[in-house]
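Multiple structures follow.
Here come two complexes built around chain A, the first alongside chain B, the second alongside chain C.
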Partner chain A sequence: MPETLISDLNRADVFSSLKEGQFELILGAFSARLASQSPELVDFLFDVYRDVPANLELQEVTDIALNVRPPNVFRKYLRPQVIPDPGFKVPAVPLPKKMAPLSLEMGMNLSVALKCCRFLTFHAGAVANENGGVLISGASGSGKSTLTTALMQEGYRLFSDEFGLLSLDKAEINPYPRPVSLKGNSISVVRDMVGAEWVSKSIMNTPKGEIAYRRARRSDIEQANVPAPVKLILFPSFAENISPRAKKLTKAETIMRLIESATNYKLLGEAAYKALTDMVVGAEAYDITYGDTEECMQMVRDFAGEAGL
Partner chain B sequence: MSRYFTRVIAGLEPIPENVTERALLLEFADVNHVFGRLALVAGDMVSEKMQSVLENGVTRAAYDHHMLHNEKERLERAFVGSGIQPILLKGGAYVALGLEAAKGRRVSDLDILVPEQNVKEAEEILLAAGWNFDESAAEEYDQNYYRKHMHELPPFRHSARFTILDVHHRLLPPTSRLNINNKPFFEAAMPLVGSFLKVLSPQDLIIHSAIHAFADGTFETPVRSLIELNLLLNDLNPDEGLALVERIKMIGAEKPCAYAFGLLAKVLDSERADVLLKELGGVPSQTVLDWFVDRLNGNQTRKSTKAMLYLRSHLLRMPLYKLLPHLVVKAFKRIGAKPHPVRLPEIQ
Partner chain C sequence: MAVGPYTSQTIWIAEADDFVIRQFEDVYFVFCKSAGTTHLLNFLTASIVKNAVDKPGNMKDLYDRVLNDLELDAEDCPSELFESSVVQLDEVGLLKPKEYSNA
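Moving on to the complex of A and B:
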């Protein structure tokens, strides 16, 4: 069956499919069944997810089932709000209805982090070229998403800006090319870098400030089932007005740091340890402190070259 | 629909062919804490995609069981030489015994039973071994309430491993309307092979499971309770089955067991439960039985049913004159309460 992309579909059909909870989104590692009554979400899907394969009627069970819905009957009508409901209890803040896209993204992220354990899951950005992959591990505000976007500009394909998904039987990461989420200052940096037409309009005044999404490219999505061996692991941290510094990390340091950033390391136990050590043995790792994206990228290019990327 | 899904997960009906029904079945199993059980029942009879989704449940159950074995070992270390032989209850016992009911089951905490005269010493042993009272019940009011009215100590949480441990000294609160005889449980408890911990006898496992589901609490995990009871009952050999009714009468657990057997017969067509119900002689109230069936609807439960069962659960636990002041205090505490912190990976 040839794939249908969201941009091939009719807006009204997508909306009624969402209302019936039949909308199936197929994207690399995880598929999702979405339900919602929110027209804002339809707009968002047609903008940011336009090149993603989807079905109006469920064709197969999905990894994720997410309902973006009002938190209660009052909030359906009175200053309407939405929450993501992935079928289990999540500590999600109700958001004004116009922020439904943010609810969708948070709900999908929580589902992946808390529900899916087919992969060892790192809180990390990931990209790859034909020679191998780069894992970018860092806390929020470390510049993970900006670096992920910058590497995309250098010809790497997007795996994810949020999840490094390591196979348990092979030292390979798996693509899940959802949109790259950008916050605050990084939005204008990325708009300048990639062109405004690739970045969604901003959602203002969210609990995390201004938020916008950088769309995955069609080529990223077309190769969403092609994994890559990890060659380079980066631990960036961002600070204003600082000259760039880098430190090569030992295997042991790298493993300890990645355990900290994994969401399901304990859950997967021995399998996780094996997968993690296999990956780290085949990769070089660096801690990077930077204050300017271009300066940082100069170092990253060198490291990538040395790692055979 | 939910009766049908419950029957599917109990292995009585084939997995539906329709994709939407399958998707709803997965959600039903997830909400009702029987995802791992469904994985077992489905096996390789379903699509590869569905198998890989169900695998999540297998992984989680495996982790829980691993955790439980570790916790069991730590308990043994804590109690060795004390002369106290705690009895493992519920999921912990099923896993330790390797029962069918354990397969694919999630176990979030450990429950043990110690004789009432050993409770104080057990508490000291656990505090010395790194367990502390959980934040949720660390306040003086809760501590006093548990000690005065409940059948268990306030919940413990281990300070390094964060696992939860409930220490019971009887199976129901002393104020409970159902006045069961606790002594026989201790007398019939059996040694666990390779451990000095103990487990309840096969019949008592069933009786306790029925008491827990139908005489204590709001029937929180109805589908899981029912499937568990069915599996435990199937495990009994004919002799043990014959002795069960006498045992129930001796303990004084006719009422919860009648509900358990009535529901097993009604939802899972269990002939064995039907026979036991007749022998037991007590016909359960159809209204309450219907509430329980309603409760199988999981997240779609009617609000009124839930409210009735909530009230019922409290009335079963203590008389109204003791209950009302407690509910008032709880309500006020809830208003001023800070939301309980949830451990989460840092994800945007």
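Moving on to the complex of A and C:
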């Protein structure tokens, strides 16, 4: 069956499908069944997810089932709010209805982080070119989304800015090219880098401050089923006005850091241990501290070259 | 403190089927299947585990064999350090006392 992209669909039909809880989003490693009564979500899907395949009626069993809904009847009408409801209890705060897109993104992230067992899941950005992949592991604010975007500008495919999804049977990461989440100062950096047309309108005054999304390119989405072997692992940390510096990490240091970064390592047990150690054997890893994206990218280009990317 | 009581005659055993071990540079990553935990071992603790897999023994047996394997002497590796390493391996489930002997 030929794929229908969201941009090919009719807005009213999409909203109707969302209201009936039948809307199916098909993107790389995961498919999602979405439900919502929020028109804000329709606008968001037509903007940021416009090149993603979708169905108005469920075609298959999905990996994720997410309802972006009011937390209670009261908040449906009075100062309306929404929460992400993935069918299990999640630590998500109710948000004003106009922030439904943020609730959707949080819900999809939590569904992958807390319930995904097919992959060893790292909290990491991931990109790849034809020679292999780069995993960018770091806490929120470390600059992994900015680096992910900068590498996309160098011709790398977007896999994800949030999850490194490592296959359990081979040392390959799998794409899940959802939009890149940008916060605070990184929004203007990325707008300057890629052009304002590639970045969504900002959502202001969220619990994480200003948030905007850098849309995945159609080429990222078209190759969303093509995995890549990991060749380079970066652990960035961003600090204002600091000279860039880097330290090559031993395999042991790399493994210890990635165990900390994995959301389901303990759950997957021996399979996760084998997948992780196999991956690290074939990759070089660096700890990077930087205060300027371009200076950082100069180092990353050198490391990528040494890693055969 | 060890998980349970032990004496100088306690036989220490490590069951090879219970873990997977991989070396990276000069350290060893061990996954313990029964506990579902991952441990980072140095050359001394890794050698204790390997020796206890190959041939279980009491504290003195293992001490002698490990020192011999690593070409160390008692000054390099005092018996107190060795015993505390055995106890730590017991605590994390990589080593366990097999039996008590009056011999």
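The working rule: the second predicted complex is superposed on the first by the 309 of 309 C-alpha atoms of A that agree within 3 Å, B and C clash if a C-alpha of one lies under 4 Å from a C-alpha of the other, contacts with A are read in each partner's own complex, and residues count from 1 in each chain.
The rule we apply is simple: contacts are C-beta pairs under 8 Å (C-beta built on N, C-alpha and C of every residue); 3 or more make two chains touch, one makes a residue touch a chain.
If you're wondering where the values come from, they're calculated on a predicted model, not measured in any experiment.
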item	value
Chain C versus chain B on the shared chain A, clash or fit after superposition	fit
Between chain B and chain C, more extensive residue contact with chain A	B
First, second, both or neither for A:I259, with chain B first and chain C second	second
Partner chain(s) touched by A:K115 [first = chain B, second = chain C, both, neither]	first
Partner chain in contact with A:G155 - chain B first, chain C second, else both or neither	neither
Angle at chain A between chain B and chain C, C-alpha centres, nearest 10 degrees	60
First (chain B), second (chain C), both or neither touched by A:K274	second
Partner chain(s) touched by A:G209 [first = chain B, second = chain C, both, neither]	neither
First, second, both or neither for A:P91, with chain B first and chain C second	first
Contacts of A:T250 with chain B and chain C, given as first, second, both or neither	second
Overlay on shared chain A, then closest C-alpha pair between chain B and chain C (Å)	5
Chain C-contacting residues of chain A that also contact chain B	266, 269
Residues of chain C that touch chain A when the two form their complex	20, 22, 24-25, 27, 29, 31, 33, 36, 38, 40
Chain B-facing residues of chain A, complex	22, 31, 33, 58-63, 65, 87-88, 91, 105-106, 109-110, 113-118, 123, 139-140, 162, 181, 183, 208, 263, 266-269
Contact set on chain A toward chain C in their complex	250-252, 255-256, 259, 265-266, 269-270, 273-274, 277, 280
Of all residues in chain B, those that touch chain A in their complex	19-20, 22-23, 26-27, 30-31, 47, 49-50, 52-53, 55-56, 59-60, 63, 66, 339, 342, 344-348
